[in-house]
Structure formats: structure tokens, C-alpha cells
Amino acid sequence: MIVALVATFLSDLSSFVSENFDELAAGLRRTLVVSAIAIAGAFFIGLVLGAARAARLPVISQLAAIYVEVIRNTPILVQIFFLYFGLPQVGIRLDAFTVAWVSVTIWGGAFNTENFRAGFEAVPNRYREAGLALGFGRLATFVNVTLPIGGRIALPSSINTYISVLKNTSLLYVIAYPELTTTALQIQALTLETVETFTVLAVTYLVLVWTMSALIRLLEARLALPEERS
Amino acid sequence: MRRLFVVITAIVLTGVGLAAWGTVASAREAGLSELERAQQKLPPLPADIKARKRFNIAVKCDSPPFGYIGARSQHAGFDVDIARWFSRFAFGKSNRVTYTCVTTPAREPALTTGRVDMVIATFTYTADRETRIDFSRAYYKATGRLLVSNNSSINSTRDLAGKTVATTSGSIYDRWIKNCFKDTKLIVTDSFTNALLEFRNGRADTLMWDDTVLLGIAATDPGYKLTNDLFLPLPYGIGMKQGNTALKRWVDSRLNLMKKRDLFFPILKNSVPPRQVAPFANNILRPKQTFTYNTTDLTTQCS
Amino acid sequence: MLPDWVEPVARYMLVEGLVGTLKIAAIALAGSVLVGITLGTLLTINFLPLRSLIRLYIEVWRGLPILVTIFIIFFMLPAVSQQLEFDAVTAAALGLILWGSAQVAEATRGAVQSIPREQHEAAAALGFGWIGRHSFVIMPQALRRLLPPLVSLLVNIIQNTTIAQVIGATELLEAGERQSERLVAPAPIGLGEIHAFEIYAGVMAIFFLISFPLTRLAAYLEHRLV
């Protein structure tokens, strides 16, 4: 009996997916594109500002600190509202796609700055001193010693931030940017196949997130510092 | 002598007081029973609502002028005023309503799960929705309008040849223009806000959408105005759970009562700026003015 | 001093909005902690079927975006059964509890497993059974280590209550949005003015004032622990 129910449900699911495949695929593509842009952006912002903070560069450090604290202590949904609905009032009219990648990049960048800063600061002093003793200047030491080691230390937390960036793209629903969640809800409103829509939506996100996590754990294992490999 | 004077004054004052109180009381009673008397021949209130002594009504909370939160944190709007009249009709007081804020996709589930008795929330009648819920008679004739800049050469839909129109994809306006305006260029966007942006940026000559939304834009932006013609009427109705015939009879009869007494006109005056009352008076139910739902597909009717 | 429109807007946002936010957050925090600590402790028991089930729970509710979880509770459950119908506030709280409890469970597992073996052995040597050992020796230490992540969780829960805006629950962001829409409408309803910038900046400011001290507290507790 249960087998029959499950079989019916699975066949409903597959017909739902094949009927709505184009829209769902388009939505998924947009999710991935925005996430990719944001992850790349967050990586660079985190690297540069994290380094600046770790090196205590004047002015940049303080400005970066303000940026980090403001973004981390306010909800990302409010940041999205502010960019899309608040900025036009002062003359800055951004379209949905721009707000989409800008908002998640800014959010990811703030968290990643902290990740990289902690990573760089966790590099044992003796490595840096060794670099300086070998005649490397401050910048060269940073690039050749602190960066590779600190970057690896920061890997787990950065990865969690990137996964969160992917999940947060679902919030772009509120500005009707047609990423995966928005597209799925639109399909649900038209077809009223509520259970199928949400099953497909949930499964898609879980597959994306779990795959990212698994890939990254692989990466972590390969990039682990020799003394941490056991 | 003085004592007599005081006693007579006291009796007179008491008499006046009693008379005044009596007049006010009987006036109030007369007012109440006037409303009750007017409803005597009308369908009765469904038993469950009567027992509960309150209505549960879903309204919008962020869609002026139909449902919004006022400056005193109170529910307000055209739809809310209708709810208040229903409360007066049923219970004599306008505040026997528990409001639930709903967003657009949450309106139907609120009915099918019995969370609310009825939905008065800019609920457009469609034949598809009618298969799942019941609609009251139409109570507001929302129409499409054209938003143009003040110096535009477009005065009505007859001037759209060769021009560019912005609207939302999948809307009735989208389908209507594709069917009936073959020499008009069309820009469709995924949301109203983006359609508005296209119009503002000059990529479209006019914006075609619901009258009440465009009204707000025309009212706040002195560079824009609405043309005078109305088209594609899509009336709002009050949504109720399917099969609740007792409630539907009650709601329809009270809407007709409000129509007969022209009660929608003062509600309209509370909701729109004075300049707009006259044109929008064509959209409400009035003693000599009525409208019903269209069951035909308007997007294919081109003349 | 302040423009006229501010007072009623601020009053509604604080009295209805902020109170709504704190209500959802309180329920979500309580639920997350109760369910999470229970699941996290059970996760340390070496019984594979139980561990797998709990692990599945954790990976699902941490893997899904919270918005999707809340949509499932609010829109999908009623489609499955009429009894499973929740209003916006309850649906949001439940969604946050599913996510929050998964976070707490993972943190609890980590905290319990970070207690050195010697503690278990010493307690066993003193005659404590599994329950006694955990109640009197392991859990008190584990709970102390849980404090910094729990404070961080509180901050995250408070910020994530804004997701309830999407299903129309009355919380701070939604309150701001409703007032912003009212102000845009022409008189007699509103002012015909757009104040979205100020209102959303105000919402950000209020969240900052709540979150920043809590974030500092979490950092301080973390520091004290080490």
C-alpha cells in the first residue's frame, strides 16, 4: 500500500519536473550564477580586507571593521530591502540582478573578512619570523608565508560562508529576482501542485549544499597543512 | 419659599436629564433597530459566526488604499471599511472583527483551511479560483489604466499604434496587447517595479497596469498622469470557503444593502485624494451603478 | 525636531514590529535549545540507527535555506493535511526551531565530545552510570562550553526572524514595510512621500543595537572559556 503511494508520488514528481523543467532550470542557473559571482567577490573582499585587518593597516583596518560589524549585525534580508527599495529614494536605482549579486557579495565579504583575519592571525609567529630572517620584506613574507598558511586555516570557515551565500540567494524572492525559489513559488502559484513544487525545491537545495560540502571536505583534506594531516 | 424653589429646580433638572437620556437612548436604540429593521427580510447570519460574536477576516496590510496599517497602528482601507460595516450589520458595533494580515499567495490557503471566515483583500475573481473557493458578488471594479508623462501624445488606448508599452509578463495586459494591438511594441518585465523602471527610464512610452496602483504613482509624481480611459475590468470579490452558502447569501445581501444606500461612496472618499474621487466613483457599487464578473476571456476582445 | 511622519511609524514599528520579532525569537530560541541539546546529547550515544536519524535531521535543516523551510511549513503542510495549518508567526517560529535545533545539536555534540575521556573514566570510577555521569559531570561542563555558540545562535535567530516578513508575520521588517507603503499612498491615507530609505536604515539600526552587544558578549565568553 505504502509502495503504491510512494510510486504514485514519484511519478507525479517526475511529470512535474518534466513539465516545468525549463523554468526550473533557468531559476537554478540564476541561483548558481549569482552565487558564483558572490563567492568570488566574497573571496577577494575577504582576502584583501582580512589581510589589511590582520596587518593592522591604519585607516583601512578601521573602515573594514565598521563594514564587518555593520553587515554581520544586521539581517541580510533588511540589507536587500535597503538596497532595492531604499536606495532609489536617493537616486540610486539598481535592477534586481544587480541588487542580487551586490547584496550577497557584500554580506559574504564581511563574514569572509573575519574568516581570513582569524586565519592570518593564527599563523604561528615563528613562520613569519623565519620568513623575515630569510630576507623577505613584509609584503613578500605575507604573500609567501602568511597567505598560503593562513588561507588554509581559514578554509573551513570560508567554505561555510560560501555555502551560506548560496542558501541566502533564496531571499532574493523578495525582490522577485527569478532565481530558484522565486521560480518555484511562481510555478506553485500557477499549477497549485504545492507538494511537488516544494519537494523539488527542497531536494535541489539539499543536493547543491551537500555536494558543495562534500567537494569542500575533499579540498580541505588535500590542502591540509602537513602537521595537521594525521 | 427658598426650599420650594430648590425642590422644583431639582425636579425640573432631573426631568430634563431623564428626557435627554431617554431621547439619546431611544435614538441609539432607534438607530440600532433601524439597521436591524433594514435587515429583517435579509438572510440571517450563519450560526457559527453568530455564536462566536466575531468575524475572522483576512485583509491586506501593505496595500493602500484597500488594506494597510494607519498612523494609529489600526487596520484601515477600503476593504477594511467593508469589514467594519459587516460587523455593524451583524453585531451592531464596527469592531467585532479579528483581522489577519495576508500576503497575496496566502489568501486562498487562509480560506481552505478555515483560518478565516472571508477574505477581503483585493481578491480578483477568476474562473480558475472559483473552482476552489466561492466569491461574493463583485464589489470593486478594478480596471487597467495607462500611465503617461504629462506631455505625452497618448490620450487613450486608441493612440498606442507604433508606441511602446511596459507591463508585467503573464498579466492580462500582456496578453491583451499581444492579441489586440499588433502594431504596438511591448516590453514585459517580471515585476511591476521593473516595468515602472522601464517607463521611468524612457524605454517605454507608457505603463499599463491596475488603476489603484498607478493612481498612487500619478498622485505622488507630478510629471506623470493617467489617461482617462478604463479597460479590462477585473472586479474584486470577497472570498469565502467553498460551499458556505449561508455566508455567501449573507455577504451578497449586505453588499447589495450597502450599494442601495450608497455606502461605498463615503468609503471611497476616505481612501483616495479628492481629485480622484470622481473618476474612481465609476469603479464602485452605487444605487444606479452595478457590475458583475466577466466569465469570458477579455484579452481576446479587441474592440 | 523630527519630521511629523516619524512618530506614528516609529510607534507601530516598535510596539507591534519589534515586540513581534522578540516573541518569535524567544519561542525559537527556547525550542532550539530544548530540542537541540537533547538531540546533540543523543548523538553521542554509539547506536548507529539513532545517530544516523539525528544526523539526517541535522544535515537537512542546516542544508535548506530557512526561507524554504518556512515556506514548506506555511504552504506545503496545509496541502498535505488540513490539521497542519499554522499562522505566519507559528510557522516562522517552527522553521527557526528546526534550523536552530540542528545548529545546537551539532554544537552540543562538539561540546560533549570535547570533554576529555578522563572525565568519563573518573566518573565511572566513582560509580556513576551513563545517566549519572552525563547529568553530574559531563553535561555541566559541556553546557559551559556551549554558552558562546548559544549566544551567537541567539543573534542569528533574532536576525533570521526577518524571514517571517515574507509570509506576512508581524515583525520589525514587515512593520517597517507596511508603514513605508502607507506613506507612499496619497493623502488622505498617507503623505505621498517615499521614506523607504529612512525606514529600512532605521530597521538596520535597531537590529544593530540589539545584535552588536550580544556578539561582543559571545566573543567575551569565548575568550573567557579559553
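A, B and C label the chains in the order they appear, each numbered from 1.
What we mean here is this: a contact is a pair of C-beta atoms (placed from the backbone, for glycine too) under 8 Å apart; a residue touches a chain by one contact, two chains touch by 3 or more.
The structure displayed is predicted, hence computed values, not measured ones.
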item: Chain whose Cα centroid lies at the greatest distance from that of subunit B; value: A
item: Chain occupying the middle, per Cα centroid; value: C
item: For subunit A paired with subunit C, centre-to-centre distance based on mean C-alpha positions, whole Å; value: 20
item: Rounded Å distance between subunit A and subunit B, as computed from the means of their C-alpha atoms; value: 44
item: Computed distance of Cα centres, subunit C from subunit B, in Å; value: 38
item: For subunit A, residues that touch 2 or more chains besides their own; value: 185
item: Multi-partner residues of subunit C (each touching 2 or more other chains); value: 75, 166, 177, 194
item: Residues within subunit B bordering two or more other chains; value: 105
item: Touch list for subunit B against partner subunit C, complex; value: 61-65, 68-73, 76-77, 100-103, 105-106, 109, 112-115, 215-216, 219-220, 270-273, 276
item: List of subunit A residues in touch with subunit C within their complex; value: 69-70, 72-79, 81-82, 85-90, 167-168, 170-171, 173-174, 181, 185, 188, 194-195, 198, 201-202, 205-206, 209-210, 213
item: Interfacial residue positions of subunit C with respect to subunit A in the complex; value: 59-60, 63-68, 71-72, 75-76, 79-80, 155, 159-160, 162-163, 165-166, 173, 177, 180, 194-197, 199-201, 203-204, 207-208, 211-212, 215
item: Touch list for subunit B against partner subunit A, complex; value: 105, 190-191, 193-194, 197, 200
item: Residue ranges of subunit A in contact with subunit B within the complex; value: 93, 95-96, 175-176, 178, 185, 189
